[in-house]
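Okay, got some structures for you below.
You will see two complexes here that share chain A, one where it goes with chain B and one where it goes with chain C.
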Partner chain A sequence: MMDLLAQATPPSDSSPFWSAPNGSSHLVIGIGAALLLGIGLIFLLLQAPVRSRRWIVALFTFLAGGYYVLYFFWPTAIDRQPNDLPRNPMEGVTFWISDAFPIVSTFTNVLAGFLLGLGIYSLWRVHGRRIVKQQKDWFFSFVLLASSVMMAFIGYADWHSRQGLNGPLLANKANWHPINYAFDFFFEGGLQQMDAAMFSIIAFFILSAAYRAFRIRSVEATVLLATALVVILSLMGVITNAWQSGINHLGGPDAFVQNFSLDTIRTWLTNTVQTPSIRGIDFGIGIGSLAMGLRLWLSLERTGS
Partner chain B sequence: MSTAQTTLGEKLQSLPKPALYLVLILLTSVPLLVKITIPNKEAKPSANFYTMVTGTVDPTFPAFTTSIDATKPVLIQTDWTTSTRGESAGQFKSLMRILMIRNIKFCFYSAGDPQAPQVALDYISDINEERVKAGLRPYERWKDYVDAGYFPGAEAICNAIQNNFGTAFKNVQDQDAEGAESSVFESPVLKGVRKVSDFSVMILVTGSNTSNIAIERIKSVPMIMMVTGVMGPETQVYYDSGQLKGLVTGLKGLYDMESLMDKDPQFKGKVTTLDNGAKYYPTLHIALLLMIIAIIIGNVGMFMTKKRAA
Partner chain C sequence: MGAQYLDTGWIAEAFTAMLVLFVLFNIWRAENAGKTGKEVYIRRIPGLNAIDEAVGRATEMGRPVIMVPGLPDYVDAIVVQAMNIFTYVTRIAARFSNPILVCCYNASVFTVAQEMIRDVYQQEGAIERYDQDSVRFISDRQFAFAAGVSGLILREQAAATFFLGNFYAESLILAETANSVGAIQVASSTQNTQTPFFIAACDYVLIGDEFYAASAYLTRQPVLVGSLVGQDWAKISVITMVLLGLLTTSIQIQGKTEMEKVASGPSKGTFAHVQVLSNPADPKSPMVDGPPRQMTVADTFMYRMLNPLPRDIKFHDEKAGTFERPQKPATNPATAAGGGQ
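Here is the complex of A and B:
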């Protein structure tokens, strides 16, 4: 029982069960079988009576979460060597938890990967419907879907061209094929630039928001504004240098006035005010997450049906 | 019909947005036309980061002397894309220049964004072009660095790396020197690496909170980070507690790095030292100055209106 999951660790031969070589029939068959098995399991779950479905999901949630609880709380082995054997049941559990970790972590990564698939499915569903029904701004939906198909196609073609003996040669742009230029044009020249352009718009919002919202209407607002001003000014080399020169004129390196250099005030604010505040907030978030995690693990959350 | 006259105070409080935006565009374009050099005093977290990766001790902070073992590889988690390239790209480029000049091998992966590994590869390619122009050998994939790709579950992969790096990356492949997909452990980069503590340091270049996820889980290797200005305050907490051995924050941190590189004979004259940081720092100055002026105008307007009403 103990090494149930540990047995799933890929053996060290050339064609392990869990990781078939790229492009092999073994891999294609494995993906097909896993897909069919998954669909079959979902179908079986849907056939289960509605009341028992909740319990099945709760059971799997408990088992999955239970592993991480054990991983966190169970004592870990100190300086375990590869050929070490457990000397008692307690150590047996320790070894099992440790050995099973990569497998559980792979499951977690695969599940997280499904989120990408779910996102793509949702995107296609929403925008596909808008195009079919020719709803308002359907053309933008068309551009979105056409772009995603094109990017996927070009991306795959680029990746494919880099496989094999010619792959390393393509590190040099002089050896590029048209498809590599196409990928560079769309990924670097298009997607990445638009991404950066979208983010740069924030500068306008920040300026506009600071102008409208930063008003000295109360004591708290004044403190906030003064603090923000010190931090902003301390980021400006010209100001900090000029300020420091002024301070140096007023007193030597050990003078009391040196406590009022922008850097010193900023450091004091960061270490004495900001860091403890963030620690407090993080602590609160941690406790909240723990409570939320417990509710999810024990399936105490309402399903929202 | 009479219209109520708008006072100066009210006018100052309601400057039109397009005018503000236009001034911002015009002023931040100035550094594109005129070269402005900003005086700089390096921050301690940046200097510590620099010493850690270069081995050069900044005379301003002589007490900090820890640096990495250049014979061991470096593990890099790169979680940024071009949305934060203003800060992250420069940080990543300066890091690459340092590692490549020192011939330090590295393995990179992402736990934050599927685009991140490709973005990293593009910038490595740019640095390689720069090196070739400077008469230096290009850094070779597989021999000098490996791309371990993207892991969708940040928590899971960070836990797995801490638990057992060898099994966490067991199925990770990259293109070998012949172009075939091979296990990254067969590469000269990860030869002999089985535990995360076999790396000299773990470096995160990020614009998202994957930094918190990593530092909360990976404990067996010294960690340093390059984060965006927005991420600075929450990451500073870990620097103050000593969990981070060095921290480069935002554009100021990047300018610190570049200034330190520019003073260091290891790099001066061999690679580009003053790059994105030196280019963008004046722009940041102007934008911040404009923000301060806008805040002052708004408050003066408010006080004038209040005074008039009283």
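Here is the complex of A and C:
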């Protein structure tokens, strides 16, 4: 029988309870207790006065954010070996931070897992209603919902078949079961190809967008057109060769005119004009992110007002 | 040859602390602007004028406004920023009973967006006009999402689209599709590689940190305005440091020099430029090309922070940066392994 509590990460002695052996009572009791605890905490939060609720959320935000601030700013232990103990309190904090990271990340993943359910519920509600009411293009909604159920089933069955001792054997296609072929057909043959098709559409969109952007309507558009033209031409071997021959006719290898080869102009444009501009924008974005992160961490942000 | 370590010293930590102080100080300044009578000024951003125009046009045409808060993996600062702008757009749309659609790539963003949009309708006293399906989870696969949103833009004949947040290769697919239905487009991507695509295809683009300035300008909340001024102070500091760096690297240091550790005096333990001579006793002797002294792990600022009292440190190999630590008691060979990252 298929073990529905199969996990991707094998448990070890130091693993938390959610990594207990599959199907063990330890795991089931742990999940049940954690669920009850979570519901209890949410109930308590809802019972708290509205004013204090904000402070509770702010406190948790500060603690969670504080961990990541420490993670990024606290020095990392150098040359740490698996059995090492910290030599002083400073290094003790370092060890604690790096050991806690997988657990804190797991919390984030669990939360995201719960929220994914809400997202799928939204998808089903929108498309289910369209099917029930037989609205325009309802058949596409049916295809979407049928595909999602089918892929969830086939994907899990395929993954499950690859667990255990026989898993490595499936690296050889000769050992595949029908479910592995089904997964390969729908995922690799269907979804991945459709992804690639959507990606390739960009080529046509680039053409139409470039046509509009390069029309000479203003001084800025003209400068853009000229620089883009130089960069495009400098990447075309025939043009660069012809241009270089012309330059060589005008002067020898040390002549001033050699500065005007297409490659040199392109390098100057990208290194002297483009890169500093992008770095300038990056600085702005970085500082903006920092300020935004600070406001969120300290709960100074009043969103939606 | 051992490993060579890069050490930014205390400057990186000090610089971050300075930015944080600038932001916090200006938030405090803006919060107290009423008491001191000194209003904090921020200039107008042209791209933001387009927001009212775009929503107004959508109302006239009776067609929806479509908003996409990028393609994040989770709710991050960029998503919150995008949602701040979307709440402003939604507020105007709610006043004019204009339909909206928020398309989400990530389920956690979807739940946050749903709450924020419903709050806006509630604050505007128009909760009966709030459509639960106006915030939709589309897909968490990049091109499935692009296909889904493009389909919505075409089917709903969107009058205005707002693409704000983290966008990647799908940016042009979305922008060109919206352009094909004649929608007014306001866009911004924190990914520099996508900004040119938005500039080519959209009507208004918020470039770089204008994206972060938008909510401050639109809402005029003291916290946001103060934070924005703090950001500007930080940018001025960065520009000053760039100019100082330009100046110092432009001044040529005569002769061959190397970085050496100062052995005594107030700068003991720090690194300084020293001239390398063939005969150290004779300052007029010619300079030589000796092997440069490498900075070891023990010289880095981070290492010194971790080991404020370095007397107990014993190295296996100082240059390679491997040294001795006390060991966990090996009670069970099966559990002794593990721990280190």
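In this section, the second predicted complex is superposed on the first by the 182 of 305 C-alpha atoms of A that agree within 3 Å, B and C clash if a C-alpha of one lies under 4 Å from a C-alpha of the other, contacts with A are read in each partner's own complex, and residues count from 1 in each chain.
Assume a residue touches a chain if its C-beta (ideal position, glycine included) is under 8 Å from a C-beta of that chain, and two chains touch if they have at least 3 such contacts.
All of these numbers come straight from a predicted model, not from anything done at the bench.
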(message) Contacts for A:T275 in the overlay, against chain B (first) and chain C (second): which applies, first, second, both or neither?
(response) first
(request) Classify the contacts of A:E188 with the two partner chains as first (chain B alone), second (chain C alone), both, or neither. (result) first
(request) For A:T108, select first, second, both or neither according to whether it touches chain B, chain C, the two together, or no partner. (result) both
(request) Mind working out whether A:G164 is in touch with chain B, chain C, both or neither, as first, second, both or neither? (result) first
(message) Once chain A of both complexes is superposed, is A:L290 in touch with chain B (first), chain C (second), both, or neither?
(response) second
(message) A:D263 in the overlay: touching chain B, chain C, both, or neither? Say first, second, both or neither.
(response) first
(message) Under the stated touch criterion, which partner chain does A:P86 make contact with: chain B (first), chain C (second), both, or neither?
(response) second
(request) Indicate the residue numbers of chain A shared between its chain B interface and its chain C interface, in ascending order. (result) 98, 101, 108, 111-112, 115-116, 191, 195, 198-199, 206, 208, 210, 212, 278, 282
(request) Could you pull out which chain C residues touch chain A in their complex? (result) 13, 16, 19-20, 23-24, 27, 74, 77-78, 80-81, 83-84, 87, 104, 106-108, 110-111, 114, 116, 119-120, 123, 132-133, 135-138, 140-144, 146-147, 155, 169-170, 172-173, 175-176, 190, 192, 195, 197, 199-201, 207-209, 211-213, 219, 221, 223-224, 227-228, 230-231, 234-235, 238, 297, 302-303, 305-309, 312-313, 321-323, 325-328, 330, 334-341
(request) Using the touch rule from the top, collect the residues of chain A that touch chain C in their complex. (result) 12-14, 73, 75-88, 90-91, 94, 98-99, 101, 108, 111-112, 115-120, 122-123, 125-126, 137, 191, 194-195, 198-199, 201-202, 205-206, 208-210, 212-213, 278, 280-285, 287-296, 300-305
(request) Would you pull the chain A residues touching chain B in the complex into a rising list? (result) 9-10, 18-19, 21-22, 71, 98, 101-102, 104-106, 108-109, 111-113, 115-116, 162-168, 171, 173, 187-188, 191-193, 195-196, 198-200, 203-204, 206-208, 210-212, 214-217, 225, 229, 232-233, 235-238, 240-241, 244, 263, 270-271, 274-275, 278-279, 282
(message) Looking at the complex, which residues from chain B come into contact with chain A?
(response) 15, 17, 20-21, 24, 28, 38-41, 81-86, 114-115, 118-119, 122, 125, 128-129, 138, 140-142, 151-153, 155-157, 159-160, 163-164, 167-168, 170-171, 173, 175, 177-181, 233-234, 236-237, 240, 252, 255, 281, 284-285, 287-292, 294-295, 297-299, 302
